[in-house]
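Both of the next two complexes hold chain A, though its partner changes from chain B to chain C.
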Partner chain A sequence: MSAGPPSPPRPGPQQQPATPQVKALDCPKCGAAIVLRTFGKAETVVCDSCHSILDAQDPKLKILQTFQAAVGEAPPLIPLGRRGKLRGVDYEVIGFQRRSTEVEGIRYIWHEYVLFNPYKGFRYLTEYHGHWNDVSPCKMLPTPVLSVPPKASYLGETYKHFQTCTAMTGFVVGEFPWQVRVGETAEVTDFVSPPRVLSSEKSENEVTWSIGEYTYGSEVWKAFNLPGDPPQAMGVYENQPAPVHESVSGVWAAFAAFALALLVLMIGFAVMISGNKEVFRASYAVDRNTFKGETSFVTDVFELGDRTCNVEVETSTDLNNNWIYLNYALINQDTGQAWDFGREVSYYYGRDSDGPWTEGSRNDSVVVPSVPPGHYYLRIEPEPPQGFQHIGYSVRVVRDVSVFSIYGLAFLALLLPAAALTWRRLNFERLRWAESDHPMVTTGSSEDD
Partner chain B sequence: MTQPAANCPNCGAKIVFQWSSSVQTVCAYCKSILVRTDVDLKRVGQVADLPPDSSPIQLNTEGIYRNKAFVVIGRILYEYEQGGWNEWHAMMSDGTSAWLSDAQDEYAVSFAARAANLPPEGKLAVGQQYTWNNERYTLSVITPANYRGVEGELPFQYWDKTRVTFADLRSESGKFATLDYSDAEPALYLGEAVEFDDLKLKNLRQFEGW
Partner chain C sequence: MLRRLYLLYGMMVLATTGYAQYRGWSLNRVNELKNVPKSVRDNPGSYRSVYRSYHGYTGGK
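Presenting the complex of A and B:
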């Protein structure tokens, strides 16, 4: 081909139809201004004044449906045309619909906001009683998991069936990327894996899937710079994350780790320290015939190893329906340091209409913690009751006793938070699933609230 | 890569093919649909004015898919019940051609594929499963569409269409398949849904106020 006729200015490929703009048109029914914000992407647009649903693809905005809005229909919490930043992307609110479902005679109402960005497309915000979800269409097809109740798998995560209901559109305003109609129904199925919810919407010839993430009202308010406070969230929503940050399994894992460490510590001490070593033993008695009021005496000296240890002072008596009070002092012969403690030992028994009974014990034990090494003796001052005859008692001093109660306390201290967290979580889950098709069955204890 | 040049037989404007394998193009100046023959360009029709378009993609939009650069050189515009959508014809840096579909700002990249025994149009039903390239696809939606127009370069002749049926299928791993019933023999395209940001697109359309 030879050189042709002089060519017109080189047609740049950029020569395109005029850039679409925000269009302002009039409602063919009532004449109110209709603002189009999606550069031709919307299918339908709803007149805010006369509630005509118009064909947004038709230059004349053909009327597709008109509906009567209920008196006192609450306006959208986020006004149409408002822009906000969600996950770093600017979105404009372009449409709003109220949907509802009826379950066992109770009508549940929620709201859906259509958001638009000319590059990123459509996104949705749903709101139910102050609970928000940031929803976008699924890029992939979720897989059904055969189980009872059913589950669905999406991007490696398993979602539990929460509810299937028929959603009816009751009020619409603004633009929609689909043919929206008031009165239209769709079967909506929600699968949850907090904080996400996987939803399918089944209409006559299409099943669409969307993925939502629980969003706090405060985040929505901040994103769209809305005045005042978001409505208070009521109850527990289907995909609301549990309020406690730590996972229950994490707390139990920590508990198990600490408990194991405790056990190792306990066994370690028991093995390393050849415990329960008797360092002193002697027997005494107070007798009515020899007792002269002031009867304080000291024991022989005994040695407490080469390191600080605990010391158990055991008292064994032959009490019969009687008591004795013993003033003890553990005294370091080298330093004069003394540990004073009094022990009352009493033992009673008998028989009444309910049979035999006993009260108290013939034996007593007390642990003195952290006693430094050194030479020690005991000063003992027995105080027998009036009218006593003869009370025999023996004193035994043992070092390095294993104080299991300390381990027990530590164990309890570990167990309590884990148990409390579990209880809270179970209660939260019970509230969550109470609204579902599969409420949790509480067995045994009846929790009436 | 050769860039054969010619002139529009209708208005004389210079026609430059960006992709050597292009079979058809549209004169950007007079909108004549031009088909390449062995010797020259044959005018086969005229593109009616395309409706105002809302796609952020346009001819010469550049991007990257799987580490390969591409440039958009043509498109087919369809309309269906839910609005319009574009099948953008992209030339990959390795000389192959790809399709970047943009329906309601949902993006997918696909490539023409060959498979035996594609289902005839009359046998399609939502929920059917097919296995192509060892991937199992489930038919999710059947879309009756209207051909609305073409722009730029295409790898085949495509201009005298009216109603066209598409079947979209998805696999569990996010793969995407389209059966195109434009011609007597169904055509299969295999690809995947893509994120707008991942394509790193340049030369996008500007939207007023955004």
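Presenting the complex of A and C:
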């Protein structure tokens, strides 16, 4: 749908600068003034008043076709005669045509603007739902690449086939460097390699190729100094550059390197840095007969050395279909600093119609973070359930353990951006190709349909 | 540009992970208190845990 010119441009004079030539003539049908901005270069010119397509090469402006413009035909977004600087070259808008194609009963409409510079010749701007393309005729013939789906090669770049459709011209105004007719049709084939699109346009007599580059509406507005804002781009266009310009594989390569570094870090800490040193171990029991009055007690003092690092408190019990709650406080004997935490340990098991089952665990561990070195003891206050008989448990304190959940979080932190970028890129490509002849995801339909 | 940002981000994640391991960070919820009286050692009942009075687990299938 980005097909531009059906005929190549004719180069303007190269030797001397010349001012744009403008010639005023009258329409042979309605007498309205006809302005020829490309005098000598345009093939046809359309009377803005009576919509007669006139032969611009004929001094008498022979009428080639007349057509009835629809009432309320939207005017071109860039008015004819508007001048602007596109890619450093001054151009004047001299022609406008509305074209359309029908796919599965839906009519898709786009607009094409003919630009002219007396030294550079013709250039084209196409617009579809706020997506613009800067189009110029190919300087050489693209070569087909045998593949499925088909591809084409042009100036060393390979373009993937996007869509082939029949385009019909529905409205024209201004001048055209070819014999334009309303109602004429052409087979348009687009090959894409964002941000470029390679288009062939096949009519009865000839095949022309053009190359387009995606252009943002804001650039067009700035180039032609147009008032207001350009129309909002809708959807994803066939050669629209992806928001993630760089290769996602580069990010995944970096992710793989970081994941490996994380593994090395984990092993290095576990083997060389983490002390994993047992500093205290004791066994206790709560018994129904002796569990009266104040039940809390303190352990012997143990030393936590080295540096500020974590402490793991492990609890092992002999629970059977029961639970126990243990209030712990790790207290620094010298400073009075304490870490207070409660641990519930429960273990249930049995058998039902589904077979044996278990729930919970007899063992528990908690890692107290960033405990400075010093002399510590534990205050333990057990809370057993009512009706208990005897629960035995042991407490083990280990200094400086590896916390693997932190590595898990780090892995997720590394994975998420790469995954998000990939998803964004894939979703963008899915939306791009959804409008093509080769959608990435096809919607299912039954054979009965 | 994006790859550079990711490289920078990844290095920050690795550095933070290394620092967290060295300083002994943990994901467990532990209540830190200051100035627990020394008398607790002789009279454990004078200290009351903020997690005390657990009402009991009623688990089991």
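The criterion applied here is as follows: the second predicted complex is superposed on the first by the 378 of 449 C-alpha atoms of A that agree within 3 Å, B and C clash if a C-alpha of one lies under 4 Å from a C-alpha of the other, contacts with A are read in each partner's own complex, and residues count from 1 in each chain.
In the analysis below, a residue touches a chain if its C-beta (ideal position, glycine included) is under 8 Å from a C-beta of that chain, and two chains touch if they have at least 3 such contacts.
Keep in mind the model is a prediction, meaning the values are calculated, not measured.
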- Item | Contacts of A:115 with chain B and chain C, given as first, second, both or neither | neither
- Query: Counting only touches as set out at the top, which of chain B and chain C does A:125 meet: first, second, both, neither?
  - Reply: neither
- Once the shared chain is lined up, is A:421 touching chain B (first), chain C (second), both, or neither of them? second
- Message: Can you tell me whether chain B or chain C touches more residues on chain A?
- Response: C
- Query: Should A:167 be classified as contacting the first partner (chain B), the second (chain C), both, or neither?
  - Reply: neither
- Figure out whether A:359 sits in contact with chain B (first) or chain C (second), or with both, or with neither. second
- Message: Just checking: does A:323 make contact with chain B only, chain C only, both, or neither of them? Give me first, second, both or neither.
- Response: second
- Message: One more residue to check, A:40. First (chain B), second (chain C), both or neither?
- Response: first
- Message: After the superposition on A, what does A:178 contact: first (chain B), second (chain C), both or neither?
- Response: first
- As the complex stands, chain C meets chain A at residues 1-3, 6-7, 9-10, 13-14, 16-18, 20-38, 40-41, 44-45, 47, 49-54, 56-57, 59-61
- Going by the contact rule at the top, pick out the chain A residues touching chain B in the complex. 1, 4-8, 10-22, 38-43, 57, 90, 117-122, 137, 139-141, 143, 177-179, 205-207
- Which of the residues in chain A come into contact with chain C in the complex? 244-246, 250-251, 254-255, 257-258, 261-262, 265, 269, 273-274, 294, 296-298, 307-311, 321, 323, 325, 327-329, 331, 333, 336-342, 344, 346, 348, 350, 352, 357, 359-360, 366-371, 377, 379, 381, 383, 385-386, 400, 402-403, 405-407, 409-410, 413-414, 417-418, 421
- Could you please specify the touching residues of chain B with respect to chain A in the complex? 6-7, 11-14, 27-29, 40, 49-54, 56, 58-60, 81-84, 104-106, 126, 138, 140-142, 152, 170-174, 193, 195-196, 204-210
